[in-house]
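Before anything else, here's the structure in question.
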Amino acid sequence: MSTNPKEPVNRRNFLGAAARVAAMTGVGALLGKLAGATAAKGTVWQIDPAKCVRCGKCATACVLEQSAVKCVHAYAVCGYCELCTGYFGPEPNELTTAAENQLCPTAAIQRTYIEDPYYQYHIDEKLCIGCAKCVDGCNRYGNGSLFLQVRHDRCVNCNECAIARVCAGDAFVRVPVDQPYLLKTKPTTS
Amino acid sequence: MKIPLPQDPLGRREFLRGGVRYGLLVGLAAMAARAVSGKRLVNQDCTSQGICRGCPDYTDCELPQALSARQAPPISDTGAYEEVCRIAGGKMPSRSLAIGPEDRLYLATGNAVLVLNQAGVREQEWTLDAPVCCVTVAPDGTVFAGLRNRILHLDSNGNRLADWQVPGNRTWLTGLAADANDLFAADAGNRVILRLDRAGQCIGRIGEKNAERDVPGFIVPSPYFSVMIHPDGLLRVNNPGRHRVEAYTLDGDFEGAWGKASGAVDGFCGCCNPIRVVPLPDGRMITCEKGLPRVKIYSATGEFESVVAGTNAFPENARVGAGERDADAALAGLTAAVDSRGRIAILDHVTGAVRILQPKAGGKA
Amino acid sequence: MFRRLLHLLFGLLLLSATALAEQRFPPPDFESGYQLPTPTTPAPRAGLMQYADVVVLLSALALALWLVYRTRSRRGITALSLFSLAYFGFYRKGCVCAIGSVQNVALALCDSHYALPVTVLIFFLAPLTVALFAGRAFCAAVCPQGAIQDLVLIKPLKVPAWLETPLGLIPYLFLGAGVCFAATGSGFLICRYDPLVPFFRFNGSELMIGLGVAFLLAGLFVGRPYCRFLCPYGALLRLATLAAKWRVRVTPDTCTQCALCQHSCPFGAMREPTGMQKREPLKTSRLRLATFLLLLPVLVGLGAWGGSQLATPASKFNRTVKLAGRYVRSLTTPDRFPMELQRVEANPGPVLAKAEEIRQQFLLGATLFGGWVGLVFGVKFISLCLRRNRTDFEPDPGTCFACARCFETCPSERIRRGWIPAELETARSKE
């Protein structure tokens, strides 16, 4: 084989060049077709709280040892109730922080007294496993201020989210990376 | 002997020339494909997706299919009442119900007040300029409609008699009650009952926390707060955060309360119930609850008597209230009203349907 | 366009939230001066850093090309693959990678609601473009999956041709299946069944960890089993190298036909000079070629028919189709896990219609996939009949990972590097 860059035009070189031209045309066509379908910013996974059915699979289906999904508290939506149905199990013995009264399996919700009769509920993310038990309690009877979100300090942003694949409510959506949370806000209607 | 690299990688000039050539090729192909493939994304609004979050922008949209697909079972599983009629309201979201002269139904739905005759036929539709949150009918037949922070006084044909702005930036009216002289407005945002005269002047604030008068204060975590005038002449107000119904004089003296938090049928479950209390002519009281949507009757002194309609009568309401539907959970709720014949009308805020219940013959009603 | 897409993705929830922020139901009026905390929102890593990934990818590709074609240094390639393994593998947890990007591109082409991140498009195109001109330099030292296998290879065994040829077709089939599933929105098979990513994440399902261990164990003795016998992106690159302008060449001078390079290649990529092969008579070859050329459309047709038969069972892997099926069954027999069914029960129409639409897509997709399988087999048969003339030992550009192992075994290269005095070698060859 010659080391001279000006190779003679033989069948092989010609076919090679034709294939390259065809392939580059293909690449160009692909680019053009996708031009309107690209997002410069990229996307991340997030849970649409309006679609979440609290099936509990977030706690187990994530590829991470401890799920990237955690409970988030929208304080502005919270009623600060003394009897919090996201904190207390059904029919609590008394409204105290005793473990047997709590709904959370890992005691990840901290209840602090503010003033009569209001209590603040705070999620300790280190303990939260994303099981959605509190979310269910809060949504079923309360204001729905507790909800699940993908925490992006933990999420590795898999190409195909393993939780999205099994999500019972089909609540996982790709959101733009610069607005990565779907936080709940206060109810708009009266 | 110096042996060169096996393949002389292209010289800079040839590399650049090739780069430009192939770059042009790619660019041309891309433009051609772009031109051929055309537009891709279609604009979607919430109704075409079957999603309604009850936003004010969409107050008048037709009921999403998702919420109207299933017919609720008739109310017949309780001893005292049976369902005799069901009126499809049809608009989303419906928020309040009142019964006026000749047992007409006044339905606050979307931006309008619907007037239905006792057979459920729509007689009038008064379109107002904002979502209607609550409605009541005064003994003289005129109608008060509460918008978020305004009260409209309408005559029986919907003509506007007055338009009062209620001061306060947290104002969020959710309930109205009128007697011959006064209008009482439940302001869920400020956690207070306002007493207004017929000129729209605020002549009293009832139920604000006040240790001297022994008034405990209302706890209203969500916009479910109502006031009613009991036949005994006192006001009955639901205090959802304390799971009880409280009685006040018209001047704002706290007279007593009943109700307890409990998952059992005789108590109020969840964090904040009842959401509404409606007195019957004989002094007993109807309570409406959310979470587990149900309607119950308590005696005048607050003893539990019976369930009028249980959770299974409002399946969609329960699911929306629990956030299991693509609709704002704060839309869920029930409103009851009593007509002159002792029949109970229950408005399901989610489906917009009104269920008319009458006491069963021979039942303990 | 981006803004509209953004809104679409975001839904109306936030739209109405921003527009009506002052109209919210007020929280309790605290007398103690308590201030409402706001929930924390840690920023995703993907923001700026995704562009860092692209920069690293492009630099690594350029470096790999330079190492393969200019310095011809195996040591440099090893060092670069160690870096790629550390960065793309263990630091970036193997996501997003060029292998998986095939599916994103397929999905973006078929689903108008999916927006393809530009970075993913670059991850897809950059190695492919490089392969179009200069072979699989990506596989050599940039791909973390390739790197981890290359590094565990200690005692390469030769895979016999009768086994290697059919196994080498699997990547094409996997590519077809992966594209078919991605295009119908049924999931990313290629990501799901990537056996090496669990190592990068130190976590995964039992099945995938087991598979990964199996691949790495096999990789001790068989060079890069995943790359050669499974990797769908590798199949794409292999096709691209058909057009490659520059090819890896072992000897810098004349080939001494010593076959040392062939022995050094753990991936069976070296092709011996045609003079050293046993060949059947030209007439037989031509006859066979003609037969397979005629057979090609038959194979494609057969494949397409077979594929269309697979459409219905394959469509059941789609979540919507599965859900619709469960809903229909639940009408007669109650379902054990009704939570998933709730959203169908509320409004079965759209879900059933969507399922039917996906079934139709699967019919097309599976037919195309079947045709693709037929085509792959047919072309393989044909390529086996083609007679090529080689005077030297040359790597097959499609199979060669450009790992640079062979260079240092070539006597001519050793002379070039001055490892053997040229005179000695010339004298030896004259004997």
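First chain written, first letter: the chains are A, B and C, and each begins at residue 1.
Convention: a residue touches a chain if its C-beta (ideal position, glycine included) is under 8 Å from a C-beta of that chain, and two chains touch if they have at least 3 such contacts.
Note that the coordinates shown come from a computational prediction; the quantities given were computed from them, not determined experimentally.
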item: Any chain that touches chain B and chain A; value: C
item: Pair joined by the larger number of C-beta contacts - B-C, A-C; value: A-C
item: Rounded Å distance between chain A and chain C, as computed from the means of their C-alpha atoms; value: 26
item: Separation of chain B from chain C, taking each centre as the mean of its C-alpha atoms, in whole Å; value: 53
item: Shared-contact residues (touching 2 or more other chains) in chain C; value: 1, 5, 11, 13, 16, 20, 23, 25-26, 28, 112, 249, 342
item: Where chain B touches two or more other chains at once, by residue number; value: 4, 6-7, 10, 40-41, 51, 53, 55-56, 148, 172, 188, 219, 221-223, 324, 330
item: Multi-partner residues of chain A (each touching 2 or more other chains); value: 20, 24, 27, 30-31, 33, 36-37, 50-51, 53, 78-80, 187-188, 190
item: Footprint of chain A on chain B - complex, ascending; value: 4, 6-8, 10-11, 14, 22, 25-37, 39-41, 51, 53-56, 93, 95, 131, 133-134, 148, 172-174, 188, 219, 221-223, 241-243, 261-263, 269-273, 290-292, 321-324, 326-331
item: Sites on chain A touched by chain B in the complex; value: 3-5, 20-21, 24-33, 35-37, 49-53, 78-85, 90-91, 117, 136, 139-144, 187-190
item: Residue numbers on chain C that touch chain A, as the complex places them; value: 1-2, 5-6, 9-11, 13-14, 16-17, 20-21, 23-28, 30-32, 34, 36-39, 41-47, 50, 93, 95-97, 100-101, 103-105, 108-109, 112, 114-121, 125, 128-129, 132-133, 187-188, 191-192, 201-204, 240, 242-245, 249, 319, 337, 339-340, 342-343, 392
item: Chain C contact footprint on chain A (complex, rising order); value: 1, 16, 19-20, 22-24, 27, 30-31, 33-34, 36-44, 48, 50-51, 53, 55, 63-65, 72-80, 114-115, 118, 120, 122, 151-153, 155-160, 165, 168-170, 173-183, 185-188, 190
item: Of all residues in chain B, those that touch chain C in their complex; value: 1, 3-7, 9-10, 40-46, 50-51, 53, 55-57, 65-67, 69-70, 148, 170, 172, 188-191, 219, 221-223, 316, 319, 324-325, 330
